[in-house]
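Okay, structure first, notes after.
We just call them A, B and C in the order they show up, numbering each chain from 1.
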Amino acid sequence: MNDIAFPTTNAIGDLVRANFPASSAYIINGILGIAAVLITVALIPVFLVWMERKVAAHFQARLGPMRVGFHGTLQSVADGLKLLFKEVLKPAGADSFGFFLAPILPATASFLVMTIIPFDHHLQVTDLNGGVIYVIAISGLSVFGILLAGWSSNNKYSLLGAMRSGAQLISYEISLAIIMLLIVLVSGTASLREIVLSQQGTVLDWWIFKLPGLGLVAFIMYLISSTAELNRGPFDISEAESELTGGFTTEYSGISFSMFFLAEFVNMFVAGTLTTTFFLGGFLAPQIGLGTVDLLFDAVPGFVWFFLKTCFIIFLFMWFRWSFPRLRVDQLMELEWKVLLPINIIVLVLGAIFVAQGWILP
Amino acid sequence: MEINHLQAPPGFTDTAAAEATTEEYYLNMGPQHPGTHGVLRLVLRLDGENVQEVVPHLGYVHRAIEKMAENQTYLQNIHLTDRLDYLSSFMNNLGLCMAIEKGLGIGVPERGEYIRVMLCELQRIQSHLLWWGVLGMDMGAVTAFLYGFKEREMITDIFEEVCGNRLTMNFFRPGGSSADVPDTFLPRVATVIERLKRALDEYQTLLTDNIIFQERTRGIGVLSREKALSYGCTGPVLRGSGVQYDGRKNNPYSIYERFDFEVPVGQGGDSFDRYLVRMEEMAQSIKIVQQAMETFPTGPYRSKEFSKYRIPTGSYFSQVETARGLLGIYMVADGTAKPYRLKYRSPSFSNLSAINEMAVGYKIADLITIISTLDLVIPDIDR
Amino acid sequence: MIEESIIKKHTVLSEHAAELLQSRQSSTVKPGLSLSQYLYKIGSGFYSLLKGMKLTGSYFVNPGKIVTQPYPENRETLKMFPRFRGRVIMVHDEDGEHSCTACGLCEKACPNGTISVHATRNIAGRKVLGRYVYRLNQCTQCNLCIEVCPFDAIRMGHDFELAAYDRDSLIFILNNKEGRG
């Protein structure tokens, strides 16, 4: 299925390996990879916070930030600096170790997932054979941070938010995993890079269209589950500012709070990239079968397409958030266990039948 | 200091939670809480997320307006009524003005009455728009908040042009109003009405029809008809519970009996009923304003101007239907320029008292919705 | 007391709520949905969400619907309505003369003790205005002083940027330069 037309390794990694002895090349590549992920992780929230504020503003007939930089582009830099310089407060009865460990865990989880995202043919820190399983395993880590934050804050609102969030994340992970399983099933690989490469061809070869009808349903299910997994509106019950004054982040301030904030936006980016990888052909340029247009699209670098598609998915997340009221905690569970999970299992079974019968668009 | 977490705070009826299988706890909600609309403080007894008992604590914005009233002249008192229920300031002004007019035995010219009714109904819409937006925000739909404010701003602009202030109007005077409406008033109202009709459809799409919204409000916070009456609830809360009582219809004041409008009534008394009643009230208020625009008379806007009001000894009562319910004004005059006693019966106070009845058995998130559908204005509760 | 005759069942806005109340009283278990109801609920719910998204989307793609204005930038074009109540100012003519006679009606009309009129006598021995003290920090913009003034000596200015760091700077002497708005 996947005749690999591209080198499997990383361009920069190859260069380092060619010029350095094997032992030091390994370390240099590691450092380069960590640096690349950290830079991406630091820059992406700056852009996404600005985007969130602008998109929200325009949905609400407002202008949004307009002062700092052109149309407020540097607003989130200013906000980030402000957060860095703010005092970190700890409530009197809070458990110091847990309280300060908690913000690090969700941020770490989202950093780790970034390492296997294929941004372009040659832009990937590492490509794991079981990439999908790695994603499921690592994203489960952020639950611990939120639970720990709620428990160690010594605040009933925080605890309520954390408990809600724990139940929510664990439930929706099941749906998310089932849809990932469907993609693994139809593409025949668990490596993210090869999942992308299995979608080569025209737009109709993307998994959203390639399985007639089923792909679209799976895509929508994946979007809904991702939104819930991200703790974003309309599923933001763990923060629920009008109910719980901020949920598990109630007692956090300064850099501790900004770690949660950072993790939230990096997670949103990661969810966008995963959706793009699974359904929208990842870094592949959209080919619509018209010679000149296709050539033009092909000339654009893959990571640009990747970011455009990811931004589109993130825009959808924002659209959901700024259109709908929040669900109640029991309705959230009902939605997962009574609606999404049955549909997802049916979709998975249908997917298996599609593969067995060969009902996949050529 | 050792704190016994199981010891009930003051106000709770059932202290021993012996039958409960899980450990119950107390949660202090407010006075600083985004869901309680100001400085309302509720202490909840919770079993997990489930509300077992609600005890409201009042007095955080008590300004002794009733006591202050005894040291202010009648005219000066009108500006204090702005500060009871600040979203219904025209209607509060009207209530006190009507009480003073009863005392002085003066009438209001035709144009004055029309100005009063139109401004009051516009303010009812304005108040309901704010409620609609805040309800949306309490349920996590922040966009609804801004859409509600968008149309509300147009009405606020009319008020600003008519009387100079946007919130605390102090516009009506005994015998009419303090000034005539400007020439631009009617065209402005016409454009706002046109916009509002379209906006109501948008609101319908954004919240009323929304499945999440319906799931969150249907069957939540049920207040039965009998309970609503026995707690003295008025306004949309009472009507949502199925009692057709509206001060404008049942006890008409000003010139309300001339206008043709319906009093919407709910059946079951849940949050969705209260929501629908308010949405329909906006449409009915638009209807009243339109009728008033067609027959808007010319002539004087104020009957007589007194420099000092000396009301004959006696007690006088007037009531108005504000956006929240019945505002009753009981005034005891002793022949001087200042009232001997001025008592306000504020609608929010009675409506809040039913909260324990409505919230028990539902979740915290539902409690926020219930507070929101009660449409509380805390300064109106505390006065 | 609301009469019993007033309490009557009325037009049906929502049919569901009465049975909801009953179901709450009898038992907390919700009646189950049949498969077709379940599917219909999912479908119609999904459709209602799409309608909401269409509405917010129409605002997103239509910048003409933006209602907010960037405030300090539009200071030049920002015009207050003629009746806008900013703060009390004293009307001065071209010669710098005001028409206040220090009668003190405004001081009496004020509910908050915002105004103090200090009269003095001029060389001819007539009572004239010495200092007209206006305390903006106490003022509620109720307009009573303006209405009561028989000479239209004071009116409401259109200045709305009234915040200050110091309460003392909110006390104005209106017959000075600062009182002219």
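Simple rule for what comes next: contacts are C-beta pairs under 8 Å (C-beta built on N, C-alpha and C of every residue); 3 or more make two chains touch, one makes a residue touch a chain.
Here the structure is a predicted model, which is why all the values come from computation and not from measurement.
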Problem set entry | Chain pair whose interface holds the most contacting C-beta pairs | B-C
Exercise. Where the centre means the average of the CA atoms, what chain is farthest from chain B?
Worked result: A
Problem set entry | Between chain C and chain B, distance of the C-alpha-averaged centres to the nearest whole Å | 16
Seminar exercise, completed: Distance between the CA centroids of chain A and chain B (whole Å) is 45
Exercise. Taking each residue of chain B in turn, which ones touch at least two of the other chains?
Worked result: 143, 150, 206, 210, 212
For this session: Check each residue of chain C and list the ones that touch at least two other chains.
Result: 49, 52, 55-56, 67
Problem set entry | For chain A, residues that touch 2 or more chains besides their own | 59-62, 322-324
For this session: Within their complex, state which residues of chain A touch chain C.
Result: 55, 58-63, 66, 319-320, 322-324, 339
For this session: Can you check the complex and tell me which residues of chain A touch chain B?
Result: 56, 59-62, 156-157, 160, 164, 233-234, 236-237, 240-245, 322-331
Problem set entry | Parts of chain B lying in touch with chain A, wherever the complex brings them together | 25, 27, 33-35, 49, 136-144, 146-147, 150, 206-207, 210, 212-213, 215-216, 363-366, 368
Exercise. Which residues, counting only chain C, touch chain B once they are in their complex?
Worked result: 2, 6-21, 23-24, 28, 41, 44-46, 48-49, 51-52, 54-56, 67, 81-85, 109-111, 140-144, 147-148, 156
Problem set entry | Of all residues in chain B, those that touch chain C in their complex | 72, 75-76, 79-80, 143, 150, 153, 160-165, 168, 170, 178-179, 182, 202, 205-206, 209-212, 218-219, 222, 224-225, 229, 242-245, 250, 262-270, 272-273, 276-277, 280, 307, 361
